Amino acid sequence: MIKVGIVGGTGYTGAELLRLLAGHPAAKVIIITSRTQKDVPVAQLYPNLRGLVDLTFTDPDIDKLSECDVVFFATPHGVAQRTVPAILATGTKVIDLSADFRIRDIALWEKWYGQDHVAPELIAKAVYGLPEYHRDAICRADLIACPGCYPTSVQLGLLPLLEAGCIDLSDIIANSASGVSGAGRQASVANLLPEVSDSFKAYGASGHRHLPEIEQGLADMAGASVNLTFVPHLLPINRGIHSTIYANLIDTDVDVQRLFEARYGDEPFVDVLPAGSHPETRSVRGSNFCRIAVHRPGTGRKVVVLVVEDNLAKGASGQAIQCMNLMFKFSEMAGLNLPGLVP
Amino acid sequence: MIKVGIVGGTGYTGAELLRLLAGHPAAKVIIITSRTQKDVPVAQLYPNLRGLVDLTFTDPDIDKLSECDVVFFATPHGVAQRTVPAILATGTKVIDLSADFRIRDIALWEKWYGQDHVAPELIAKAVYGLPEYHRDAICRADLIACPGCYPTSVQLGLLPLLEAGCIDLSDIIANSASGVSGAGRQASVANLLPEVSDSFKAYGASGHRHLPEIEQGLADMAGASVNLTFVPHLLPINRGIHSTIYANLIDTDVDVQRLFEARYGDEPFVDVLPAGSHPETRSVRGSNFCRIAVHRPGTGRKVVVLVVEDNLAKGASGQAIQCMNLMFKFSEMAGLNLPGLVP
Amino acid sequence: MIKVGIVGGTGYTGAELLRLLAGHPAAKVIIITSRTQKDVPVAQLYPNLRGLVDLTFTDPDIDKLSECDVVFFATPHGVAQRTVPAILATGTKVIDLSADFRIRDIALWEKWYGQDHVAPELIAKAVYGLPEYHRDAICRADLIACPGCYPTSVQLGLLPLLEAGCIDLSDIIANSASGVSGAGRQASVANLLPEVSDSFKAYGASGHRHLPEIEQGLADMAGASVNLTFVPHLLPINRGIHSTIYANLIDTDVDVQRLFEARYGDEPFVDVLPAGSHPETRSVRGSNFCRIAVHRPGTGRKVVVLVVEDNLAKGASGQAIQCMNLMFKFSEMAGLNLPGLVP
Amino acid sequence: MIKVGIVGGTGYTGAELLRLLAGHPAAKVIIITSRTQKDVPVAQLYPNLRGLVDLTFTDPDIDKLSECDVVFFATPHGVAQRTVPAILATGTKVIDLSADFRIRDIALWEKWYGQDHVAPELIAKAVYGLPEYHRDAICRADLIACPGCYPTSVQLGLLPLLEAGCIDLSDIIANSASGVSGAGRQASVANLLPEVSDSFKAYGASGHRHLPEIEQGLADMAGASVNLTFVPHLLPINRGIHSTIYANLIDTDVDVQRLFEARYGDEPFVDVLPAGSHPETRSVRGSNFCRIAVHRPGTGRKVVVLVVEDNLAKGASGQAIQCMNLMFKFSEMAGLNLPGLVP
């Protein structure tokens, strides 16, 4: 059993780490920190974990965290970078779920996140935690920058097309929609049930901070810069991301169904649906799977890719555990072999 | 007071006609038909109308319907065309909410609706009931083909751009999402609450029968054929359509905000939001308004139009009453001056 | 047209007053105040009112408010009592939607609301705004204390039984459930969509501050004190209250269906459903109606009353306008003749 | 590994058996039957099980089912009784999730279920599958009659009080509410999302067929007949039952909190919350736990018990697997050690 620490355990990604790790055969959470909930039992804040998680929130402490084999950061953007260097120095590995180490262009990060970066030297060291593209590097990494929820869905939806070089890079559209848990567990008026229930809207249509992360990832895959239009929307559901991706084929003879099936055939968590399918977010509710369907409406050059994931699982905590499994040579599916909760 | 008949009153569009007409100052429903609910009081099926609607469902009868000034058809596709000729012959006007008279290309209609058309001679006579584009013709019409819910949102979102000739017609995308009431009030497994609640999916990504209707309308506006990719999605909400429309500007100097404001400045039911806004479907819940926002993400040629409407109001019954108001020289807003129900 | 002012217009009851008064034939809102939203157009905060409400929030000002014929207070508990005396002194009538003037026992009020009452002399002057029980007094009142949302539903569900003296007063149970808008439009974690959606719970089972208000009202109707067990629950819906009330008949020969129909036969907003019915909250969504059904399960002495209302309409702003209509000799239904929004 | 068969696998309880058994360490489903979906892969109907369940629906066949160690019946009421005798005769054990063997009074069963019972001789042999009350008998049983979803919640909520003999048996109230999956996966208008979403209602207030099952169970526990008023309600959620139970204490000195904690201290799936708590249905979403809180509002004799369970898990398929674990001497929590999915 490896020893696991979680820094910032009161939000949704922290709680999801606890839920998933409670069933992990080879990892045990021994520390969970929260300044605001210090001394409060985890199961008081999350009664669904009563009887399964017997931990109490503590103040973050480098010495104690360094007793762990790996520490997850489930903190707001800007927090991890202040503590991670000290933890890495003790030989403990770190998996960061925030945006702190995702963007290689520091000025770009500082622009979108509105703060200075205090550990820029670590960015080159961090491995972007998308196993379907960076598996080997993840296996050897000490510091993982977990992808954002939207970026995971868009990158997985485009990876086979970009690697095959069969789409026009100058005009790609990702029309995405997320459940409200993506906004975090922060007091707000905007995400009260009466404000978002039984309704739907776009947001950030003129620019969203997940855009540079996605563009960086797509450019890596394409070997060239990509022009993406990304419009996120807010769904009146708890969990789930659905991305509808539009691109134009350069080569209209390509069999896109076969292309996706070939690329993802050995991937444990990416499931390419049969031709003609439409994935539902509920099929991955609480699960680490990502489901993809590919369509070619009409007879033209447009390809439409439909991608679903759970924003808290494959879009955050599940993917983080998948990275941990790779880093510690566990079975990649260890603790993650759960079907979506339907209905 | 004009006399109004409704054929097929048990579905959601029939109920919405009753709800809206209950408050109309110059029109009174005197007949509502349903074969399956014959002799059942309307308020028994729709208790929300108790005390406000005192009608009983009857069998459809041409003689009685011809006593009306206008008859609405809220029937499944293929029904209206069998009865409308006889009603029109008596001098009664007809507003059809089904697809029977929307498509001018009869072979195309027959392909998508899987049946022969039995009144093709009426199609040329029917006026497409989109007041923002066909107001004059609606004022003089005897037979209105009400636009579909998705087509209304997409056409209103593109009308100013098409009339101005400022977008590339070869690649337009409409990514739309509808509440479940758009599927009608039919027994089904697919639309049970546990099947669609807390979830989201696309459907008909490879082809949907609203596509030819939309393409016909857009071509009329553009004066040339248009290549549209249309992907509908199912929202876990009762009412509401949201369309996110992507097009490429030919002329990147055009001020799209001003273009939309100018085109719709005198329209009573199309509300162009201030620059930077994101309309919510709830803002038009139960209301005939359509709200639109225009974005230009980045600095390129992409324009993104966000459109919301209530699929049962501006997308069906509200728009039908708006047409009726025009046909009978009432104030266009008569009976429709209701704000969206928030929260 | 009378002139109307609204103090505290940014919450849900303020917005609901605006929505309903926008269609009132004899009253016009001329002032709406909010300290936090000063100078912000109402339609910016509530886009559903765009085109229908052309007001801007202002700081509260006694001189300007006194130009109104009536002022509604849609403020947190404890606010109205500080300003109402000055407004009443100018001859302007006041309708308070908060709890400030509902409880005659000042010590009891101070205990449950955790503050001193600063205008106790007005409590005797205030009329409890439940038209079905206090209509005559409301017609003559200068100050109305609008009933709470839960208290309205429980009192209307028990009124006929209490007046008839046919139930045991020592053991009455009100099992109530409310939509989340009842908690107000305040930033919080507890009422975020991911915290309450797709879930259900009781709260305040050991004591809720609506209990003394309900017990006071029931005692007035019964002419004796009443022992009520009241357990509220939180529904994952926007609007709506459902109370399931249990009482024991003293006289099992009474025809409870007829009793309710007789008591409410002339009431414009209380609708007694046919025997065997089960009212749905959606049947009164956005509407001032209260719907009631009465059951006698088994053959014993238990009577079960089912009551639905919209917590923001008949449970707050609708009832406040109903009181205004009575105070100014308008038709009692003026501006309130709206059916519930279904679906 | 024991071999498991499931008869009637297309409904929600069948799918839940598959989901939970997919992770069971000692049981493997080898047959799943459905006449209507014969030859259809399970994962086509339930894409959430893709990659985890590799079965195809087959016609029910006694010979094949008898190769199983245990067969679950997830069939409509009236079906199991026709096939179970033949299966039991082969030595295969049976766990029936329907109502066929729950009621010992055959005439009462026939009245509420509207059909003749064709295997009345098996009823005496069937063990009622509530482990918290019948654990020993379950361990030795060949035929289990799984409790209904509502009955499980009400019986668990009252068991400690009834065994202690401290409440008045003449007047107990169970006010229950269920998610829509409790109505099954049948095509219907009544349970379409637009019919039940954003709404709430009671149903069966004058009599529901779970009442005799509950009364039988409570009488067993009390050793005397019990007079129960049971009113079910329909929640706009997928899963979850919440029962609010009201009883009058005979002995007001009893410490009800301690009573519940003592009775359930060793139970693996019944979790008594700390005093003052209010359980949420989401805390058991997808989980076999039942959470209970006990309140004594005011200082009187009323006790209020709040109970939550997942109607498909502890209310059906989870409890069925719990029984299987007991019958085959597995750990009682095998395969069921999952936390509720929050959010």
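Note that the chains are named A, B, C and D in the order they appear, and that numbering of residues resets to 1 at the start of each chain.
By our rule, a residue touches a chain if its C-beta (ideal position, glycine included) is under 8 Å from a C-beta of that chain, and two chains touch if they have at least 3 such contacts.
This structure is a prediction, so every number in the text was calculated from the model and none was measured.
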Quiz item: Quick one: which chain's Cα centre is the longest way from chain D's?
Solution: B
Quiz item: Any idea whether A-D or A-C has more C-beta pairs in contact?
Solution: A-D
Exercise. Find the geometric centre of each of chain C and chain D from their Cα atoms only, then give the gap between the two centres in Å, rounded to an integer.
Key: 39
Quiz item: Centre to centre, by mean C-alpha position, how many angstrom separate chain A and chain D?
Solution: 36
Self-check item: chain A and chain C: spacing of chain centres that average the CA atoms, whole Å
Solution: 45
Quiz item: At which residue positions does chain C touch at least two other chains?
Solution: 12, 181, 194-195, 197-198, 236-239, 279-280, 282, 285, 343
Quiz item: Can the chain contact pattern be summarised as a line, a ring, a star, a complete graph, or none of these (other)?
Solution: complete
Quiz item: What residues of chain C sit close enough to touch chain D in their complex?
Solution: 171, 173, 175, 177, 194-195, 197-203, 205-207, 227, 229-231, 233, 235-240, 242, 244, 246, 248, 276, 278-282, 285, 293, 295-298, 300, 302, 304, 306, 308, 343
Exercise. Provide the residue numbers of chain D that touch chain A in the complex, in ascending order.
Key: 12, 15, 19, 22-23, 46-53, 181, 197-198, 238-239, 271, 273, 277, 279-280, 282-287, 289, 291, 312, 337-343
Quiz item: Touching chain C in the complex: which residues of chain A?
Solution: 12, 179-181, 185-189, 191-198, 236-239
